[in-house]
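Okay, here's the structure, questions in a sec.
Going in written order, the chains are labelled A, B, C and D, and every chain counts its residues from 1.
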Amino acid sequence: MMENAIAWIFIFPLFGAVACALVGMRQSKLCYPISGLSMLGATWAGAETLMQAVQSPVHEVSYILGGWTLDAFPRGVGIEFRADLLGALITLVVLGVGLIVSLYSKLPVREETPGKEPLFYVLFLLQITGLAGICLTGDAFNLYVLIEVAALTGYGLIAMGTNRAAAATFNYLILGTIGASLYLLGVGYLYIKTGTLNMVGVQQVIQANGLMDSPSMQVAFALIGLGILIKMAFFPFHAWLPNAYCNAPTTTSCLLAPLVTKVMIYVMIRMTLTVFGVEFSFESTLWSEFMPWLVVVAIVCAAVMALAQREIKRMLAYLIVAEVGYMVGGVWIYNYYGLIGSIFHIISDACMTLCLFLGAGLILRKAKTTHFDGLRGLFAKMPLTMIGFFVGGFSIIGLPPTCGFFSKWYLITGGMVSQRWEYLVVLMFSTMVMVVLFFRLIERIHLAVNEEGKNLGHGHGDLGLTEEQTRFDEGPLSMLIPLLLAASVVLVIGIYNQDVVNQIELFLEPFDLPKGTGRP
Amino acid sequence: MFEDGAIVNELLVERLNYFIYVVLLLIGLHAMISKRNLIKKLIGMSIFQTAIILFYVSIAVKEEATIPIYKAEHDPHGEVHHHPEKGGEEAEAHHGPVALKDEEIKQYANPLPHVLMLTAIVVGVATLGLALALTQRIYQGYGTIEEDELLTKIERADDRASQSPLKSNQSPSPKKAKGSATAKKATASPSRKSGSASQGKSAAKRKPAKRKPGSGGGKKA
Amino acid sequence: MKLLSLVPVVAVGGLLLFAAQDFPEWGDPASPASTSPVSSHFIQSTGVDTEVPNMVTAVLADYRGFDTMFETVVVFIAGMAVLAILKSSGRRKGKREHEVEAEPDLIVTNTVRLIVPVIQIFAFYVLAHGHVSPGGGFQGGVVMGASFILVALAWDLEVALARFSAEKCILVAALGIVLYGGIGFLSMLLGGEFLDYAELEKVLPVSREMARYHAMLGVEIGVGFTVTAIIFALYANLSTEGRLKGGL
Amino acid sequence: MGVDLFNTFILLLLVAAALTALRARDLITASVVFGVYSFLMCLLWAEMGAVDVAFTEATVGAGVSTVVMVATIFNLKRKSSD
């Protein structure tokens, strides 16, 4: 069982989903425990895989589905699952987030999508299967299939909500399909020149046949890159994200918001480092010249739009777009530290976004609104929720000892070392915006001012609320515990950041990335 | 549209397949972006996907090659030997399947792109089915499948939904739980019937807007 | 708007035509994709590895069986998502534009009565004969699902649902995945990797190659189950807006 | 070298079918013409040696997706503004 740990990662949720479909028709109450158990099993398998990858001498676990050998050059007869340290780390994050959300899902799913619980859990578990598979697969076409698995489940999960959600999903579907199809097209261009689909195999052929300057390869890179940028909601292509996440059912947004965009950034890193290779991605193409500037535009626009929002979920959605800008920037400043920051930020951003969305779900449940003006007195009413929520918020701002501080630290170091001042400035700017955003929220919650700044209270400490409205009234435990769990994960990763960074450094060691100012 | 002497000449004469695939792909992409009707967008999406499939299938073509199914002389269970079918062991004993010689590879088209495209077609039809369901849901909710009309209706609904809960609660007493419940409904589900909680002016405004979707579908020929 | 939408289109088109100059000749047997050891391996050794004459089936269900498993899952997801989206999603207010109230036509129903068994036998043929001729689980499943759609078109959706109810659809679709995943899982339990069908020789009285051959058939049947059920469920839900009553 | 006459003929018909499907104001027409397009595509692939892909496209693209699309359009408005 141990040597197959990597296979158990997708076996658990896949069979769990099927079990939900079979059992759920009669006993919809069983779906919640089934999903929880299969997520628990999958998380165990993910942790085991990570341990194996750490302990193996080459720091990766290779698993060929179907038992084919890969000895021939180039590899690619069978489909390979490859868990190197990066893949295993991100997989564990995906599974961990899935586990926490599946614990959280009990009440919101029953209340928001009555009669559809089995369908919800089927799609939920398959979503996890798809996302975890994306992180592990070593085959470019298999990646496409898994992207579509994750995308289709995502459409279904979002559109389960209101009619408004369905309308938002349609846009998401059109853009998502364009993105995935462009990726598929790019893989075709790769295949026409290299004759293999295995990621390592492609890299071997590029090295062996000297395909650095081939126009087809350049176009393949551009198409794949463009497709992934659309899927990750990078700034000009972000239009689908806020509407989709804001109108989705609570559990859906808690699952999708932390994971989908982050996993796509992982795919981008995978493509640049493993498939095309550092030399091709950063030196043969012009991407490292213009991407940092696009990132600057993206972060500024997203931050300004976040500032204009009056609703928590919508504000968080724009923050995600800004965070995507951070991570893309960290990759394309082409620097060792920038890449460490980027990878670490994937992990920490997943955790803190999870925190924020879980918190927002609880707020929506108790305060019946996520509009800023409806939040007065919430701290007195639900202190634990607000603590969990603001741990996530402080992590987004980047206050120590939360994990957001450390990942941002590496991003800033990367920007400084590679002398990308524009990136640094824009990081500082967006940090300022986030400070404003979250302290404005704190103000709303603690003080009694309304939209026009008019004081509704009658003096110091008076919120203008009745006794009833400030009475201690926490959300249900099945939702509160996952939130606090997520908040503690944010803190724990922050405190033990060096261990995570060590693994990332081990992963990045073989790639010859510039560590100093030596930008070509 | 793509005037560039040498390239066009080369494309039209030598690589018509590649050229047509690009044309189809662009037709599909343009339809997805600029058509207002949602069904038209979906037709565009399907054209876009089939264009990509055409491209992959073109990769697999080899001149003078046949379809990727073994001819009788290469068939592991072929008619050449005298023990057709039956258990593998028996057949193997007399005439085991043999690997093809290198020069024989040219006789068959490349099977790999075909396999990939089978998967892509399936993914395409799955996406189409899901998108059609979404279209129906949108039509139920908003009574239109034209994007521009849809946008105005959604905007109107969003304006109602994003009102500050303070404002909508102000005129009656802010303490009533009923008021906040209405605000929640409007936030979470702007298009669902916003219930009985009478909100005076705003409710009166809401009603006619609600009715409209029905009248769109109710037209009789 | 119209002009603006041309910008990405022209950009993508330019990109693609730029790459086309670099492509191998059309149908060139010496192109990298055709000479690559990967594709050569499939052509050369499919017979030796699996004894399946149709290379596409062998690559689909065995070499790249993992893709195909998720392809089946994608179909399953589509069915579940359509159910989730349309289920009790509120009534339409107006009447349908083309409400047809007609008795089933005598000629049509009798023709369909004749045709449906033939179609279904053809579906089984396509599924089972996929190893030696074009076809396989997916195509067979679609043909099978289409036969139920035909019944629904000729009579009424109720008549078709009486033969293949919505609950059965979910059941059969899930069973298809269980069959596919189960075969892969069983080969893992027997000591191989996931989907390593050769290990099934330990439970089947055949050689390693023939174990692959037979496992592929099992897998294709799984695909056929899922696809049949979901294709019909798609039609049933989409034609009635998820109410499963009335129909076209 | 290159493409033979049959191939060229189908390729041109394909473009025509795609444009017609997108121009038709009546959605039922559009989806039926789209079925034609799929079937032409299937012919082309069969001619190029991709029999399995052609078979799938014939059953799925020309068959089921057209039926499903028509079934959907019956529940929607049939006219399109563009």
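We take it that a residue touches a chain if its C-beta (ideal position, glycine included) is under 8 Å from a C-beta of that chain, and two chains touch if they have at least 3 such contacts.
Everything quoted here is computed from the prediction, not taken from an experiment.
Trainee: Centre of all protein Cα atoms: which chain's centre is nearest to it?
Mentor: B
Trainee: What pair of chains is linked by the most C-beta contacts?
Mentor: Greatest count of contact pairs is found between chains B-C.
Trainee: Need the most distant chain from chain C, centre defined as the mean of C-alpha atoms.
Mentor: A
Trainee: Whole-Å distance, chain B centre to chain C centre, using C-alpha means?
Mentor: The answer is 16 Å.
Trainee: Please report how many Å separate the Cα centroid of chain A from that of chain D, as a whole number.
Mentor: Computed from C-alpha means, the inter-chain centre distance equals 38 Å.
Trainee: Counting only Cα atoms for the centres, state how far chain A is from chain B in Å.
Mentor: 24
Trainee: So which stretches of chain D touch two or more other chains?
Mentor: 1-3, 51-52, 56, 60, 64, 68, 72, 75, 77
Trainee: For chain B, jot down the residues that touch at least 2 other chains.
Mentor: As it turns out, chain B has residues touching two or more other chains at 14-17, 25, 29, 58-61, 65, 67-69, 112-114, 116, 118-119, 122-123, 125-127, 129-130, 132-137, 139-141, 192, 216-217.
Trainee: Quick check on chain C: which residues sit in contact with 2+ other chains?
Mentor: 12, 16, 21, 23, 25-26, 31, 33-34, 38-39, 42, 54, 56, 60, 64, 67, 71, 74, 77-78, 81-82, 85, 89-90, 92, 96-98, 134, 138, 234, 238, 241
Trainee: Run through the chains and report each pair that touches.
Mentor: Every pair of chains meeting the touch criterion: A-B, A-C, B-C, B-D, C-D.
Trainee: Which bits of chain B are touching chain C when the two form their complex?
Mentor: Chain B residues touching chain C: 1-2, 4, 7, 10-11, 14-19, 22, 25-26, 29-30, 33-34, 58-65, 67-70, 74-78, 87-89, 92, 97-100, 102, 105-106, 108, 110-116, 118-119, 122-123, 125-127, 129-130, 132-134, 136-137, 139-141, 143, 192, 213-221.
Trainee: Taking the touch rule as given, give the residues of chain A at its contact with chain B in the complex, in rising order.
Mentor: Chain A reaches chain B through residues 141, 144-145, 148, 152, 155-156, 159, 161-164, 166-167, 169-170, 173-174, 177-178, 181, 184-185, 188, 191-192, 197, 310-311, 364, 367-374, 450-451, 466, 468-469.
Trainee: For chain B, which residues count as touching chain A in their complex?
Mentor: Listed in rising order, the residues of chain B that touch chain A are 25, 29, 32, 38, 41, 45, 48-49, 52, 55-56, 59, 112-113, 116, 119-120, 123, 126-127, 130-131, 133-135, 137-138, 140-142, 150, 154, 157-158, 162, 164-167, 175, 180-181, 183-184, 187-192.
Trainee: Quick one: which bits of chain D touch chain C in the complex? Just the residue numbers, please.
Mentor: 1-3, 51-52, 54-56, 59-60, 63-64, 67-68, 71-72, 74-75, 77-78
Trainee: Along chain C, where are the residues that touch chain A in the complex?
Mentor: Against chain A, the touching part of chain C is residues 12, 15-16, 18-19, 21-24, 31-39, 41-42, 62-67, 70-71, 73-74, 76-78, 80-85, 87-90, 167, 170-171, 173-174, 177-178, 181, 185, 187-188, 192-199.
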